[in-house]
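Quick one: the structure is below, questions incoming.
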Amino acid sequence: MAKIKSLDDLRVMKESFQSKINLREKGENPGSHVQIKVAMATCGIASGAKTVMEFMMEELEKRGIESVVTQTGCMGYCYAEPTIEVKLPGQEPVVFGYVDTKKADEIIEKYIKNGELVEGIIPMNYETIDN
Amino acid sequence: MSHIKVELKQEQVAKLKEICKSFDNEAGELINVLHKTQETFGYLPAEVQEVIARELNISVAKVYGVVTFYSFFTMIPKGKHPISICTGTACYVRGAEKVLDEFKRILDVKVGETSPDGKFSLSCLRCVGACGLAPVVSVGEKIYGRVSPDGVKDILKEYE
Amino acid sequence: MHLLVCGGTGCRASASDSIIEKFKTEIAAKGLENDVQVILTGCFGFCEKGPIVKVLPDNTFYTQVKPEDVAEIVAEHVIKGRKVNRLLYIDPTNQEKISDAKHMGFYRKQIRIALRNCGVINPENVDEYIARDGYHAIGKVLKEYTPAQTIDIIKKSGLRGRGGGGFPTGLKWEIASKNAADQKYVVCNADEGDPGAFMDRSVLEGDPHSVLEAMAICGYCIGATQGVIYIRAEYPLAITRLKIAIKQAREYGLLGKDIMGSGFDFDITLRYGAGAFVCGEETSLIHSMEGLRGEPTNKPPFPAESGYLGKPTNVNNVETFASVPVIILKGADWFSSIGTEKSKGTKVFALAGKINNVGLIEVPMGTTLREVIFEIGGGIKNGKKFKAAQTGGPSGGCLTEKHLDTPIDFDNLIAAGSMMGSGGMIVMDEDDCMVSIAKFFLEFTVEESCGKCAPCRIGNKRLYEILERITNGEGTMEELERLRNLSLVIKDTSLCGLGQTSPNPVLSTMDNFYNEYLAHVNDKKCPAGQCKSLMKYVVEPEACVGCTACARNCPVNAISGERKKPHLIDTAICIKCGACIEKCKFNAISIK
Amino acid sequence: METIKLTIDNKPVEVPAGTSVYQAAKNLGIDIPVLCYMNLHDLGIENKPAGCRICVVEVEGRRNLAPSCSTTCANGMVVKTHTTRVINARRTVMELILSDHPKDCLTCPKSGSCDLQNMAVKMGVRNIPGQAYAEMSTYKTDFSPSIIRDMDKCIMCRRCETMCNDFQTVGALSGVNRGFMAVVAPAFEQDLEKSPCTYCGQCVAVCPTGALTEVDHTPKVIRALADPTKTVLVQTAPAVRAALGEEFGLEPGTRVTGKMVAALRQIGFDFIFDTDFAADLTIMEEGTELLTRLGKHLSGDKTVKLPMLTSCCPGWVQFFEHNYSDMLDVPSTAKSPQQMFGAIAKSYFAEKLGKKREDLVVVSVMPCLAKKYECQRDEFKVDGNPDVDYSISTRELAHLIKEFNIGFNELADEDFDRPLGESTGAGVIFGATGGVIEAATRTAYELHTGKTLKNVEFTALRGMEGIRSATVDFDGLPINIGIAHGLGNARKLLDLVRTGKTNYHAIEIMACPGGCIGGGGQPLHHGDTSVLKARTKAIYSEDTNKVIRKSHENPYIIKLYEEFLGKPMSHKAHELLHTHYFDKSSKDIFI
């Protein structure tokens, strides 16, 4: 990995990472991916988030859905673990709670494939500061 | 203090020395050394502490003083399936005590003890940070959430 | 179109099930099943105004919806596209009706600063952190500010230590910066030992780089090249992620020699705690880092003069550090615009206990307890009555109904007899006995006292013994008096923060729930019905049909009686486990 | 020097920067009670855990009460030492400490000299609230050959831990466990016997309560005295006479040799002898050994090890057996004076009396607790019968005198019996650090050079510094001498020797601060190290008052060699007066 030699270096890097992520998230090109984040903090993992994440990765590939599944930290909804956030191209992200493999299957089939919401949505209730 | 005589094998002593060496035999690294040793041996019997004391050039009494200060360290071998009940506040207000009582009753051991067959050991810990799942019980690596006293025997059944 | 109906416990209690049913029949009747979906969701947190129905995609937020309103919503909103005005949320500040939920102040109840990246980025990928301006703060500081200027920004921001005492962070850095030494240390206290608190763990698991970056900034400010994170061994995931983060930061040259060409060196190592709550106290933590028993020493000298290995050392906790990079990037004024006069910014709380939405929240300082519990936390579980919220863990105290509208900040909490602590907030309901809660915390303190000073070592044990007598119905008024005096002396004379705060749960429950203490002492009754010794299980003869279910299920054979005749519980044998009550189908067993 | 101005109890006071509030108050005559705090200023040891919280005071502007022992004075500080808040806190804390302390004061060995008891008296504690149900922290009592650990009485002042680790570097003790069960103990809470303890007794010397006390040999002594079939001999070590008076209210440094002898005679010992005699004997053997080793070394014999280390101190012997097992051939093989005395008493003197050794009981009075252990070592027994049967400390002798209704201060001086009671000034100075090596120098010089010393006082070898070095001119041959007292200092010196880079010829080591006068069996100094200096002075003035001041001039020593031993280092002398050492480096393997 190349060392970052200056703040300007860092800024350039940021731009490139950001545009990569934007491409993925904002769905600026038509063939963009579904992005799924799985909350993988201790409470999530304790509730089975790992299984859900593996299931998601395998099944989405099997079912031919272009997607990126990544892990992230605690979203704050510890009571509803495991939680996952699904972002369809061009849409607001939606968080689902109490996700097990059955629920994950339903999410893939209904929401990801058809845009139909399924039960278990966790309403987002905070503002995150963006820089 | 009850003691179970443990004879360290040559290779175990060598392993211990290797652990100490990996921390440059620094006295200040004692806690890290103890962590690594407990990870390797499962517990910290007296003989192990003696080797560590010698390698790090500190008195055995001081090593023992540190071992007995931190609740993470144990001189008693854990059971094959170590059971820990979270008694953090969130778990407490959601009934962890009753769950603990049930474990004690069924296994007939006290907290900190290992069942005679060596299968289960019972301990309490303070908050694993999974308060959303309170009360929480862990058996080995596996975490059980929202455990009720009734659920205790089902958990134990998994390890029959 | 989607109709989201809140399925949180609070809303369920107020008929969200039948609202869903109604929606479904109504929509079927109109033949709209293919266009409109009705979805049960998790809790919106806004239970005070429940049940909630949210309409997507236009983001309409209906509050206090009743089953009778369903037909109107379908007819007006779904079919005609006209919002049902009377059900819209009314902004309490200006009495305006809000039609788009995005404009609801409710969403501003939580602002995530320390948690800004948690649940957003992949914590194991430094690129994602950089994409969200990661390491820009240290870059900016190294390029544009002197250490003194940077300290000034932190001072101006009003940031106070999130670990407990609330000491001004900038001032702390300034003191450490002024003590000359050949080596200094930056220590991150991640030994979150407060039972029921998991803020630090969440930050480290979700956004480890922000802590690394802040430690480097601190190092630059005070003149340290070495940072140490002291972390609980019980947090393996956080440790793994920190290790990955440190490795990645080193690879990019964001830690190590000559960071970003500035000539500034800084690196970070990890030290593990081993299960000692007292190590949250700075001096204990430092001794523990040195491989010793984690016993505190008298302050002064403060770590800023003589800390780790006798060198000037600055200790801050995880959340404090996590707030630093944003302050640098967005400015002191921005940060100090959030919060109250003396407590700036936000505070993360781990909300747990008898509350519906157990979770991690971050609110501006000054948010009221009511907002936290009833608007974010989703109210009390099972529709029970709120009794108290315990903040500050074993060092803190209880906030009660009368504190519901007190703005939460450092000073108000202390005035209310509690403290901010690290941010654990445990909610209790009417079933919780406050004497038992005090006893629970004392049990913790007794176990966690290091034993170095007499008041804490012996005094807390004595407090516990008195509380045990009270909960056993053996307490006397004289002992209640002693409980208070002992508590005050322990606070006044103990060596470190642990002992100086350990009686707080006792004093606070005595202040707020003295009647409960009196009931235990004088009437030998536990009003919450939690103290076993003060309870008696009795069979109500009129209700008992003699089914023998209770007798068969009693683990100690305390119940006798003939079939089809009323049974009897031998209170001398009964262990009050409650098995009989659970098995009795006729409600014939009661607790007296 | 910068000075600080503050007020304590409304009185202004000016102190040097860095002074504690406790000390500043003391300067004003305000006696703030302290329990855990101990300042052994002359030894560079300060025990300041700030743990007992008895010394708390109110400092204006501070939220909590401050421990005066570890709060440094600051300009403008306003301190109050006896407000209601302070008094209530102090008394409550005292009640707490007492609530976790056994109430068997009546039969406690420390009764009367217990700091905790005195403090309770001072505060007028009349009852301990909640005593009926207050749980106590209890531990197994540990009986070692020298020291009894009754940790139920421990108040966690940590003084013993400080002495054992910081001063002595023995490392037998550490704070263990946590919270209510926290206590000071050897590793694995095993007995001292299984630890690297040297029995130096410095832990006992500083313990404020009855948690650490000596093993009491006086009942056995009384039984022996009452047994008509036994002839009971007593030997008294040099340091005893310089301190015993303190137990009877006399000024530290009062020499009570004559009274002590009189008292022992009244108690009923058959012969009152002097360990000083054996000290002279030690010099004959050790001095000769030194000259022999030196001679061989100078003639190029590389198998001979130098420096030679003294071996009189049993704590020190135990220490090097544990820690310097690679250097077991370095110390002199000469037994300690106590054991030389026993060996001679039960051979030479028994023969003179015409009695069997089993019929003789040899009692020693020592400033030392390790001597109790030493006399029980197997190599100092013949067919199971020890050369020295019982060893009592200076404190135990005082108890014995009191128990025997003897008005000590009124006693007229009496003399030791002959032949084993005659000694020289050289024997006396064994009691102070540097004394053994000075005594050896007096003899070795004259034997080596054949000249008579003009001045027998080698002041360069004296003093309280922990490690000292001096070169003595043996008529053109410079002899390099090292001295250490306190095992921590000994360790420093020994580690240097181990590197092979030193050029010492002889080194004297004493385990206790100031040498035997600061022994673990002496009257308690209660943290006042000026007592040690006074005792040292007494020792040297005893020397000055002696007619004969060189061991080889002791007529009874000369006679002993003539009649019995032949000459120093003879075969017989070897058999009776020399010993060997054991590798105990693996003994700290427990279980």
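In order of appearance the chains are A, B, C and D, and numbering begins at 1 in each one.
Here is the rule we use: contacts are C-beta pairs under 8 Å (C-beta built on N, C-alpha and C of every residue); 3 or more make two chains touch, one makes a residue touch a chain.
None of these values were measured; they are calculated from a predicted model.
Shared contact partners of chain A and chain C, listed by label: B. Using the average of C-alpha coordinates as each chain's centre, D ends up farthest from chain A. By number of C-beta pairs in contact, the leading pair of chains is A-C. Distance from the chain A centre to the chain D centre is 73 Å, each centre being the mean of its Cα atoms. A straight line joining the Cα centres of chain B and chain D is 43 Å long. Chain B and chain C, compared by their mean Cα positions, are separated by 27 Å.
For this pair, chain A with chain B, the centres built from the Cα atoms lie 36 Å apart. Within chain A, contacts with two or more other chains are made by residues 42-43, 77-80.
Residues of chain C found to touch two or more other chains are 198, 201-202, 235, 276, 293, 295, 352, 358-359, 450. Residue positions 175, 177-178 of chain D each touch two or more of the other chains. Applying the touch definition to every pair of chains gives A-B, A-C, B-C, B-D, C-D. Contact residues on chain B toward chain A in their complex (touch as defined above): 128-133, 136, 143, 145. On the side of chain B, the complex with chain C involves touching residues 26-32, 34-35, 65-66, 69-73, 87-94, 105, 125-132, 134.
Against chain B, in their complex, chain D makes its touches with residues 165, 170-178, 185-190, 195-196, 588-591. Contact residues on chain C toward chain B in their complex (touch as defined above): 192-198, 201-202, 233-235, 271-277, 288-295, 309, 350, 352-354, 358-359, 390, 393, 424, 426, 428, 432, 437, 440-441, 444, 450, 555. Chain B makes touch with chain D in their complex at residues 1, 3, 5, 46-47, 49-50, 53, 58-65, 68-69, 71.
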